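What follows is a pair of complexes built around chain A, which joins chain B in one and chain C in the other.
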Partner chain A sequence: MSDYRVLPGPEHFLPPAAASMGIRLPNPGEAHINGVITSEENAYEEAARQFLMAKVPTIFPGPLVLWAWNEKAAKKATAIRHLFNTLKECVQPGQKPMLIPMPDYRPKYPKINPEVEINPNHPNLTIWHNKIDCCIFVGVHCHQANLSLKIIRGGTSCYTIAMCAQAGHEDAMLSIRDTSVEKIMRLADTIKRLKGTVQPRQASA
Partner chain B sequence: MAEIKSVIGTQNKKGQTYTDTWKMMNEAPRTPSFFTGSEVIKEALRRASCDVMIAYPITPQSEAAALIGELFAEGYIGDYFRGESEFAVMSQCAGSAFGGARVFTTTAGPGTMRAMENFPMWAGARLPIQMIVTCRGINSPLSIQPDTLEIAYLLNTGMLVWHAETAQDFFDWILKGYMVSEEPDVHLPLALCCDGFFVTHTKDVVNLTPADMCLPPYDPYRSPVPCMDMECPPVRMMRDPFVMKSNYISYATHASWQQEIWAAVERSRKHSIHWLNGLIDTENTDADIVIVASGTAVSQGREAIRLLEDEGVRCGLVKVKTLRPWPEEEIREATKNAKHIFVPEFNVTGWLAKEIRATVPNHQRVHAGPHVCGGMTMPPEIIVSEIKTALGMKTFSLAGRGS
Partner chain C sequence: MSKERIQISEALYDIMPSDYQDLVKSATYGKEDRGWKDIGTSKELIEQHSLCAGCPESMAFRYILASLPNPEDTVMVGSTGCTSLVFPMVAVHNIHSLFGNQNAIASGLKRALSVRFPGRVKDVVVLAGDGATVDIGLDMTLQAWFRQEKFTTICFDNELYANTGGQESGLMQKGFVAKMAPVGKLFDKVRLPEIARESGCHYVVNCTVSKPSLVEKVIRNAVHIAREIGPTYLQLYTPCILEIGKNSMEGLQEMRDSEKPTERFAYKEYISEPAKQLLTELAAKDKERKAAAKQLAAQAQAN
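Now for the complex of A and B:
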């Protein structure tokens, strides 16, 4: 097993891909936290705790759920909206939950408007601008999610969570695989259950 | 776009049943058949639910490409055509894969080299194309004979690279290869290499899976990058080319992109071990002498081991099945007891020996050879001679008859 741990950065001028450091993706029914395989139950708890601790917990929905290109995508979008509403209900004064879309993957020049979107080619701009200290990727194609996650780990101290519809992401600090509507709802339920039990941190990104 | 539902148990237009691949490869009855490697490629593809095959003639893969044309005529392949050149073929493969097709092609030698620009592009675009490479000489003066030098050029493209020893490997790995390269966490092209003529043009007994079973179709919506579907909104993301402009942030993007390709190669390790029953095969690795080889050099090494045993010299064998992912830990473990590691190869540069030297501790143990190239055969006796010479044993020259 690798000694490498996937932790909040800033890690390096060019941080390595976690897979190249020996971090392996979870098997079905499992998740990972910091690159260590764990149960999904643990992952939901830790993701909820991180969200409730963050000053600016942020959801980054990607194109796979922003566009109603099939029935499942539309249902996932509704679930993500529910997750965001739950988060808003559960945070304390001073915390600022955000929902910022990643509508597409094209590089935006001269630069994106970090107020309204995040882009996988320079995701750190949105993190820095909004002082986001915990984020979750959901509905982003795996390749682009991994591009983003490495850049975020390289240049920011943001805690990254990836809910993946496929095999998960070792470049996130926490990842749940085979994400369905039910799993998104389960995360929302966990946040609701832990409401008031976790104190928000004072530092910002 | 309707969601793709499981089709296992249903039939395709040829009456073949889409079958769980693990069951098809490991549990279904096998029929022994006497085929050339080229015929085996055809038979594997008959069962591969392949959408597109693009061909271009170059020895020694031309026969396989022509035989697959027959499959198309029989209705087993969705589309089949000849490109204008090898470069065009590989570009057309990319277009087909971008569009969501399961793609297959074959190439060899100078054709591989001519098309080389496409291979890092395939990997960067995460296109799980399968390319058979029937290795042959690439340099001037031109030779069509077996030589594995072209594999060295493929190793750093970001493709998965496997090296088949036998026609049986070829049959099984073509089908299993799609299972590995189409995993969403991998989703990379596969160069499935063999030593031209030795495998393609010789007959061997190959155990075939039932012809009425086939792989489940490729599902492009499990891809880690957007599929180019003209009816679905994500296609809009493909509208502008992804070009690295000159500022820091785009260099960082490109760096992260390159890392992601190699991360995907790493992720293929788990799946390759599952489907190939390990990245290497080993025999008697507790011996002081171990031969490490890939392709048909494994067969020659096996015969050399038999000859050495007759003389009381015990020798182990490591068959390297995957070159990318590289079985670093496996080779280190398999050679930990070896005092001498011999690496016979069918190429002039000894690229496999270089990889092994970079992998094992005390790399002075690695003897890069024997080498043959340009189409020469590798008699087991020259491996025996190399080993005996290194051990200080008396051996006879095989180079000439003397006076």
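Now for the complex of A and C:
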């Protein structure tokens, strides 16, 4: 097993792909935290703790859920809205949960508005601008998620969580695989359960 | 993605940036009579872009995107050059190819789309500069025409390599001195429209983009003919105002000056016989449709 750990950065300009450092993806029913395979239950707890500790916990929904291209996508969008509403109810004063969309993957130049969107080709603009210290990717196609997660790990200290509809993301600090509506709701329930048991971090990102 | 699928999830609608909301609400996807006159009254398929102020290429982009007959089922193929700065801001599927191989990419794409979506109209439009079309990519351009690939090739002819500082290109006019071509061009401008005709293109036009209605007409013709019959080619003059020493406001006049009857961008059009027949049929259908719509409107008014 690899000694490499997928930790919050800034790692350096070109962080290695976690896969190239020997980090493997979880099997069905498993998840990973910092590159170490663990149970899904542990991952939900840790994700909820990280969200409740963060000063600016942020959900980044991607095109797979922002666009209602099928019924399942629309249902996932509703679950994500529920997750965000739960988060807002559970945080303490001073914490600022955000819901920022990643509508598509065009490398939008000359600029994006980091207050209203995130672009996978320069995600750090949105992370830095909003001082985001914990984020979750959901509904982002795998190749763009990996690109973005690596850039964030390279240039920020943001804790990244990836809820993937496929096999998970080794480049996130925590990843849950086979994401469904039920799994998103389960994360919301875990956040609700842990409300008040976790103290928010003092320092900002 | 077809038009029916361009819908935002209701639960997350409020967080979508306004340009995406506008695209869904008021862009002209699926509109039968879309054209340049929609500019200003509906959401354009081009957001802010990074071309120079007053660049005629940006005008051309706006007219072309407003005139594509089927934007929701069109894939554009671009190449290296000023156009590649714009494509990221375009709300039509597009592929950036390597410098010069845009027509090879489009050939494969068009064939793959017809296999993957056999019952559906899928248009492919190549849009590249003169360097990509005539110099670096001439092989791919011509081979696609020889093979009668069913897509449209548009060349934005600015008569030099504008993006890299003004080097000589095949479409530069004889004797022209540019920043990176100080001796002046020794040879004639390549006569690509004539070559296109001889290579099997069914519709060839050489013009400027000074008249939006003309751009709309040639784009619609080119796409319809390519869809049904075979390759089509448009050579549009989009002068680089920086490289020819003009100011931002002088692009339009430069095009008007260059399209006079004796000038190199005087309107030239070639239509093959099968293409002529198709255009006649399309015009008749269009007339019929308009008459029916007029009759319906009159009936509605009477009731």
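Going forward, the second predicted complex is superposed on the first by the 205 of 205 C-alpha atoms of A that agree within 3 Å, B and C clash if a C-alpha of one lies under 4 Å from a C-alpha of the other, contacts with A are read in each partner's own complex, and residues count from 1 in each chain.
Definition applied: a residue touches a chain if its C-beta (ideal position, glycine included) is under 8 Å from a C-beta of that chain, and two chains touch if they have at least 3 such contacts.
In this text the structure is predicted, and so the values were computed from the model without any measurement.
Chemist: After superposition on the shared chain, which partner residues are touched by A:Arg81: those of chain B (first), chain C (second), both, or neither?
Modeler: Only chain C is touched by A:Arg81; chain B is not.
Chemist: Have a look at where A:Arg24 lands relative to chain B and chain C in the superposition and call it first, second, both or neither.
Modeler: first
Chemist: Of the two partner chains, chain B (first) and chain C (second), which one does A:His129 touch, if any: first, second, both, or neither?
Modeler: Neither partner.
Chemist: Check whether A:Gln144 is in contact with chain B, with chain C, with both or with neither, and answer first, second, both or neither.
Modeler: Only chain B is touched by A:Gln144; chain C is not.
Chemist: Return first, second, both or neither, reflecting whether A:Val65 touches chain B, chain C, both chains, or no partner chain.
Modeler: second
Chemist: Pick one for A:Pro101: touches chain B only (first), chain C only (second), both, or neither.
Modeler: It touches chain C, and chain B stays clear.
Chemist: Could you say whether A:Lys195 touches chain B, chain C, both of them, or neither, answering first, second, both or neither?
Modeler: Touch status of A:Lys195: no partner.
Chemist: Scan A:Glu117 for contacts with chain B and chain C and give back first, second, both or neither.
Modeler: second
Chemist: For the three-chain arrangement built by superposition, which of chain B and chain C touches the greater number of chain A residues?
Modeler: B
Chemist: Return the residues of chain A at which the contacts from chain B and from chain C coincide.
Modeler: Residues 67, 69, 106-107, 109, which sit in both footprints.
Chemist: Taking the complex as given, what residues does chain B use to touch chain A?
Modeler: Interface residues on the chain B side: 1-3, 126, 183-185, 187, 222-226, 232-234, 236-237, 239-240, 242-243, 245, 249-250, 252-253, 255-257, 259-260, 262-264, 266-267, 270.
Chemist: Quick one: in the complex, what on chain C touches chain A?
Modeler: Per the stated touch rule, the residues are 1, 5-12, 15-17, 20, 47-48, 50, 85, 88-89.
Chemist: Any idea which chain A residues touch chain C in the complex?
Modeler: 61, 65-69, 73-74, 76-78, 80-81, 99-101, 103, 106-110, 113, 116-117
Chemist: Any idea which chain A residues touch chain B in the complex?
Modeler: Checking each residue of chain A against chain B gives 14, 16-20, 24-25, 63-64, 67, 69-72, 104-107, 109, 120-122, 125, 141-144, 146-147, 150-151, 154, 166-168, 170-171.
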